[in-house]
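One structure, pasted below without further comment.
Chain nomenclature is as follows: A, B, C, D, E and F, assigned in order of appearance, with residue numbering initiated at 1 for each chain independently.
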Amino acid sequence: MFFHKQELQYKASPAKPDAIFARRLQEVLGGQYGEITVAMQYGFQAWNCHIPGKYRDLLYGIGAEEFGHVEMLAIMIAQLLEKAPVEQSEAAAAADPVVGAVLGGMDVQAAIVAGAGVRPVDSNGNPWQGSYITASGNLLADFTANANAEMQGRVQVARIYNMTDDDGVRDLLSFLLARDTMHQNQWIRAAQELREEGVEDLPVPSNFPLARERRDVAYEYINFSDGVAAAEGSWASGSTPDGKGEFTYLDGPETAVPMPPPTTPDPRFYGTDGKPNIVDKAEGAIKDKLTEK
Amino acid sequence: MFFHKQELQYKASPAKPDAIFARRLQEVLGGQYGEITVAMQYGFQAWNCHIPGKYRDLLYGIGAEEFGHVEMLAIMIAQLLEKAPVEQSEAAAAADPVVGAVLGGMDVQAAIVAGAGVRPVDSNGNPWQGSYITASGNLLADFTANANAEMQGRVQVARIYNMTDDDGVRDLLSFLLARDTMHQNQWIRAAQELREEGVEDLPVPSNFPLARERRDVAYEYINFSDGVAAAEGSWASGSTPDGKGEFTYLDGPETAVPMPPPTTPDPRFYGTDGKPNIVDKAEGAIKDKLTEK
Amino acid sequence: MFFHKQELQYKASPAKPDAIFARRLQEVLGGQYGEITVAMQYGFQAWNCHIPGKYRDLLYGIGAEEFGHVEMLAIMIAQLLEKAPVEQSEAAAAADPVVGAVLGGMDVQAAIVAGAGVRPVDSNGNPWQGSYITASGNLLADFTANANAEMQGRVQVARIYNMTDDDGVRDLLSFLLARDTMHQNQWIRAAQELREEGVEDLPVPSNFPLARERRDVAYEYINFSDGVAAAEGSWASGSTPDGKGEFTYLDGPETAVPMPPPTTPDPRFYGTDGKPNIVDKAEGAIKDKLTEK
Amino acid sequence: MFFHKQELQYKASPAKPDAIFARRLQEVLGGQYGEITVAMQYGFQAWNCHIPGKYRDLLYGIGAEEFGHVEMLAIMIAQLLEKAPVEQSEAAAAADPVVGAVLGGMDVQAAIVAGAGVRPVDSNGNPWQGSYITASGNLLADFTANANAEMQGRVQVARIYNMTDDDGVRDLLSFLLARDTMHQNQWIRAAQELREEGVEDLPVPSNFPLARERRDVAYEYINFSDGVAAAEGSWASGSTPDGKGEFTYLDGPETAVPMPPPTTPDPRFYGTDGKPNIVDKAEGAIKDKLTEK
Amino acid sequence: MFFHKQELQYKASPAKPDAIFARRLQEVLGGQYGEITVAMQYGFQAWNCHIPGKYRDLLYGIGAEEFGHVEMLAIMIAQLLEKAPVEQSEAAAAADPVVGAVLGGMDVQAAIVAGAGVRPVDSNGNPWQGSYITASGNLLADFTANANAEMQGRVQVARIYNMTDDDGVRDLLSFLLARDTMHQNQWIRAAQELREEGVEDLPVPSNFPLARERRDVAYEYINFSDGVAAAEGSWASGSTPDGKGEFTYLDGPETAVPMPPPTTPDPRFYGTDGKPNIVDKAEGAIKDKLTEK
Amino acid sequence: MFFHKQELQYKASPAKPDAIFARRLQEVLGGQYGEITVAMQYGFQAWNCHIPGKYRDLLYGIGAEEFGHVEMLAIMIAQLLEKAPVEQSEAAAAADPVVGAVLGGMDVQAAIVAGAGVRPVDSNGNPWQGSYITASGNLLADFTANANAEMQGRVQVARIYNMTDDDGVRDLLSFLLARDTMHQNQWIRAAQELREEGVEDLPVPSNFPLARERRDVAYEYINFSDGVAAAEGSWASGSTPDGKGEFTYLDGPETAVPMPPPTTPDPRFYGTDGKPNIVDKAEGAIKDKLTEK
């Protein structure tokens, strides 16, 4: 169950409205790596978690905080839009350079659809979608996904930080940056703990019998491009992070197999198969190939 | 530039067709973490890369291999579909249990749209989409995304491995599993190398001045759920993976701010603002609020 | 802020797993009118609300309950999937009719992507998307949207109720049906209250000056089809619900205007405009039309 | 069958082109609540209608008018785009403020994809999609959806009305506003008639036996937020609109059940289950858990 | 304007319901090349047409017929679904093989969302979307798109024809096949007429000055794969269809340019640029790179 | 297999950055008819091809070139974005007209998501999607789709050509225009060759027995609009391109059938069916209709 309190974790009010910046901020609310994504991702991971205790508690604990971040950003964006202008035509833009700038930079649907309100979309107006989230049931894979999500999210907040000099907005962003720092550290640490406890290991999934994979190609870097510097990295020689092999380097594939022959499905799929149509000689009409069989 | 050769990196032919399994295999071709995703992801990361040399060469080198994996899976799926049945109605299903099973389990668009062919979709028929990929320009974030993609991909291949006992299919999957093992190891190692070289560090992005984030909340685990075991993990106490702090644990938020008052945009957005309409007393008609101002 | 408690509002455990029914239940979790939709819809309406007090409190109060319903359904679906079979090929289906049935009826991505877990999708595997929700800032319009959402939702739950005879599932559905009954009543009542208080009225938006619309066609039913019974309804004669007119009926449009002439954009858009290309007589080459101007 | 006439129901020509405003107008053509949505929604409701006569005739009669509205808006938008500029680079924008404004405000795909033409998209360029429409087969639910669609549509037209002062455009919008007024009234009246005739009632669907829902929680407002004013509304006490109960108010849930234990699916889904891998002691290799069983 | 008549162009009733086949038929209603696509495509091309007269009349004339085809298929699908079963769980499927087959083969949303009704989706449940259509304003390009659409559509209808032996359904399909034959012929003929009249020519767009393209590579087949048979086709030698050149064949590219150096955007985008962070020696803290400049 | 070389087929560097133009160029990279579409389309057609030899070699040969075009455009766009400004608020736009222009015209996600990098999206930020491509297995249909794709693509490049005067960009576009000229010619010629060889013919699919279509309506132009000029085209009289009939013209449909009666699905779908609910007289409660049966 979720309980709501009409308070915010941190102050979320701009010094002044800025309809253009409101659109930028939509990215970290409703974008691929926005707060809706992490809130939903941690929720679904918790609901799909197969172990009681600390890992699931961690997912619930951070997940619920993220729903609050969704709210903080939503409230902030609504305030940034408070003075969104109504005039939005060529004539208005030509007459007033500020209107012209706003017109180009703000999300037009924030005005028309939401009446100067926040929307569950990214900074280009693409609706948030469920395919942004990851919840596989494998915790080492999923915590790595979470670390990535917090990294991408913090990169985006950092970029947006420089797109405004509004003290109120920057104050909120400095808070979100710090929370992303925390969550990056937490997911990385939790992933390590999974390995330390032997609950999960590399390669993921660690409980798939390695004997069933082609071990002879499991540590070969086969370079399909012509960039020779790739051989200089520690990913091309030396021991591997999973502790189970040694990297080797190949300057392209050493083996290949011929492409199998083209398929010939049932003729009633009417693909082009290079075979002559079956013509009824008496009538000169094309006949059903299958009937002929 | 890309050059194509009509050969495959590995054998990709089933022992016999299996239209149902073909649908499962679409997931690792055209799904969120399928081969199209990694091929395109590494490509876009290379094109957005800001450093010449080994990191970019690594991206190009693996990326081009993945385009070949797209092809291997496509060729395999087309062969699995070769005997896809044409009859697909209730009557056919009632008459023949095998038809009934195939009918429920295969992708109907593989028959109707592609004529027993492969398609750029996942196992539920959702078209592949550009929003599956990540290419931020920050290599530590992106290599973490890559490690995650290879983990999720290997989990899915492992699951699918048990959904068939076809020797030809399993042979290909055992090859793909091994390549995923390699690529997991490579991206993890490459992420480490970025940190070892000081090119990038935690928290990502490391070149954003930490002084600009609220450092006082950067290492606090604030638990917004009531699972007490969350405090037992190494993510709640001890030193942090970024080497810059110590985890602390809070049993919920310690501070809060009141929610700001509702916004009052221009009345010509016709939101409900609780204010009476302006009525022209002479005519009894509602007047334009703005005109009145 | 949202706070999470590891309890459920109501019991959400099936008597036994049923992977096929799990897929059906995804509709009321992640479909157009599923619980994610109403939870997010009421949240965004609250964040966009322009009046403090009872209406906004109502939105927050129901919205937070709906997030808990998301969780109940997610937990239920995960349990329904607990015995999802691993074998999912033609051979397995042919050998075992139950496997065949499950194979056709369950969501294949629940197995491959989520490892027998719940996902933020509908019963056909389409990811939930932000464009399902409505939050215009006009409360009479939005409460009508909410009444509709609760009606559609209850219709779907009622349909699904008959697709199972599992006591645990039916118990949860009987609870959700009752809550939908409540919320239907609440949104309808709240919409009435908006009109009683004069905060908003018909036609929506009521604060747009009626003098600006073509009042002469504001109450005419112009029938563009040939179904004569349409004239028999109370929507074709008598007073109108907004209390501002009388319905009239027309058997088709009485006036029409000719279609305006086709447009002729800049020739450098290279549309087909019926004009000859400009040819350089000396060279016989097509010339840039604009350069000629 | 549909028959087309090369006339318009109302004049649809702007006083002058305005490429920026053309983009705004796309919202009420191809957006969530644009004319394509209502035309298709009424069509699908008619095709799914289970009663002959007046209700179906009403759906056909309004539906066909809406297809004509699609055409009027399309024709208007094409004319608004007629002078769309070709120059669209930074240099052009820097040199000419009008070009700069247009460039930011118009839909770039209207130029590149449609050659200064109209497109089936909303004002942010999102393609229209079938998931915008509602046609459940339950007429009371669907007429409520229709009332909502006409309300949202009229709100959007009213907002857009103020974004232009072009007489031709405003003339068309004043016509569309009036038709939306009519259709709001009609759907509301038709919904009432369904209840008056006993064909459908509240709660929707009325033909689901109420005895199968948990009647004890069917009229309780359980407030999951801390906004106390929510108790002051008529949705918290007094008789309910369905005439079958009395509203009561609860300051949060009174009962709760513990969360069920985590699920443990087949180990071959390779989720993290907290159990040790099965290792072959002789070889030290991970074994297939299922084989061990 | 569109006028609706409650008649169908052709009989559209099945001999008996078949819920599985109903799903197949959704493809040619709401799929990429279904009737909604062609109806909307011809409509938008007509609205974007820049020449009055026969070409625009042709678009309107066929377009309106296609809206009637949408209706015929919708009516047919609704009837095919009339006996859709309510029981849809594992238990029901295990008990009754017919239920099991139906369950796997029908669209679950047809039952849950539409109550055994038709929906604006394809045979996998993907909603129809505006991005399926093409209307560029260039008639030769667009008529080629139309010819393709009618070809793809007829291929799909032909495939579906063999998936049923219901006389009523086959009767309708035989009608649709014939209309597709007609429309293929019409668009091909209309494309020829555009060239005969000199209104448009190859290469499309013909009014772009050829002198502005690199004519030296305009007729070279540069083979980037190793399939030597490609040189045997008439596309590798001889005169070209546009009548302006001669095909030549190259066994791979003859020229290449080095890849340009990586980009170095503003450091405040926090991409990984290989440059050391700027550290304040006194404080040891990372500083803002831009501030240092 | 694909092999990558760190060279480009042609020079792809702008004279100077232009963030606005970068967005335009995204259309021909990641739009409906961009380079990703043709690369993937030719690939999937090759993988689904049922004939070995020249046609499949042609698909592979052009397909691989197109992947290189994806790369050229990606590299070009990244360079165009190199000086993308960081400041993007109302204040920045008001202070600097160039910033204002850029702000309105560039893709905001290029900055926030990709750090001044290229993305797999169109010029409105819609992600590329698999539903853009066509690969039916019928080569005449598919080569027509390819001809259309190259035509639409060349129209778009021609339009974009005029949106810049940057010599580097125009140089690349002049190269792409020429390659599109070549590929238009090739697909048209290949389609002719299919007919010349009798491998495929009109109407497509030619191997469906014509006797199964309603031949009496296969060459009638039934005009559903009132544009009389449509009868003047060669598509209304004379011989048909398939060589199998004569066009005739009808001024509207000559026959029609009444619409079938509405459907009456199982009452447990709770659609509105006009029948009274079944009430238990003793208790006054609605009963389950099915139970009554």
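Here is the rule we go by: a contact is a pair of C-beta atoms (placed from the backbone, for glycine too) under 8 Å apart; a residue touches a chain by one contact, two chains touch by 3 or more.
In this text, all values refer to a predicted model and were calculated from it rather than measured experimentally.
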- line: Chains adjacent to chain D and to chain E under the stated definition are A, B, C, F
Statement: More contacting C-beta pairs: C-E or A-B? The answer is A-B
Task: Quick one: report the Å distance separating chain A from chain D, using the average Cα coordinate of each chain.
output: 25
Query: Residues of chain E touching 2+ other chains?
result: 1-9, 32, 48, 55-56, 60-61, 63-64, 68, 75, 78, 86, 97, 100-101, 103-105, 111, 113, 115-117, 121, 124-127, 129, 131, 136-138, 140, 155-156, 158-159, 162, 205, 208, 212, 224-225, 227, 253, 256, 263-265, 268-271, 290
- prompt: Which of line, ring, star, complete and other names the graph you get from chains that touch?
  reply: complete
Field: Touch list for chain F against partner chain D, complex
entry: 18-21, 23-24, 27, 31-32, 97-98, 100-105, 122-126, 155-156, 159-160, 162-166, 224-227, 252-253, 256, 261-265, 267, 269-274, 276-277, 285-289
- prompt: What part of chain E is in contact with chain C in the complex they form?
  reply: 1-6, 48-52, 55-56, 86-94, 97, 100-101, 103-105, 107-109, 111-113, 115, 121, 124-127, 136-140, 194, 198-200, 205-212
Message: If we count contacts the way the header does, which residues on chain C are in touch with chain A in the complex?
response: 1-9, 30, 40, 43-44, 47-48, 57, 60-61, 63-64, 67-68, 70-71, 74-75, 78, 113-121, 127-131, 133, 135-138
- prompt: In the complex of these two chains, what residues of chain A are touching chain E?
  reply: 155, 158-159, 162, 268-270, 290
Statement: Listed in rising order, the residues of chain C that touch chain D in the complex are 5-13, 32, 53-58, 60-65, 68, 75, 78-79, 81-86, 111, 115-117, 126, 129, 131-132, 134, 136, 138, 140-141, 144-145, 147-148, 151-152, 154-156, 158, 161, 170, 174-175, 177-182, 184-186, 188-190, 192-193, 202-205, 208, 212-225, 227-230, 232-235, 240-242, 245, 247, 253, 255-260, 263-266, 268-271, 290
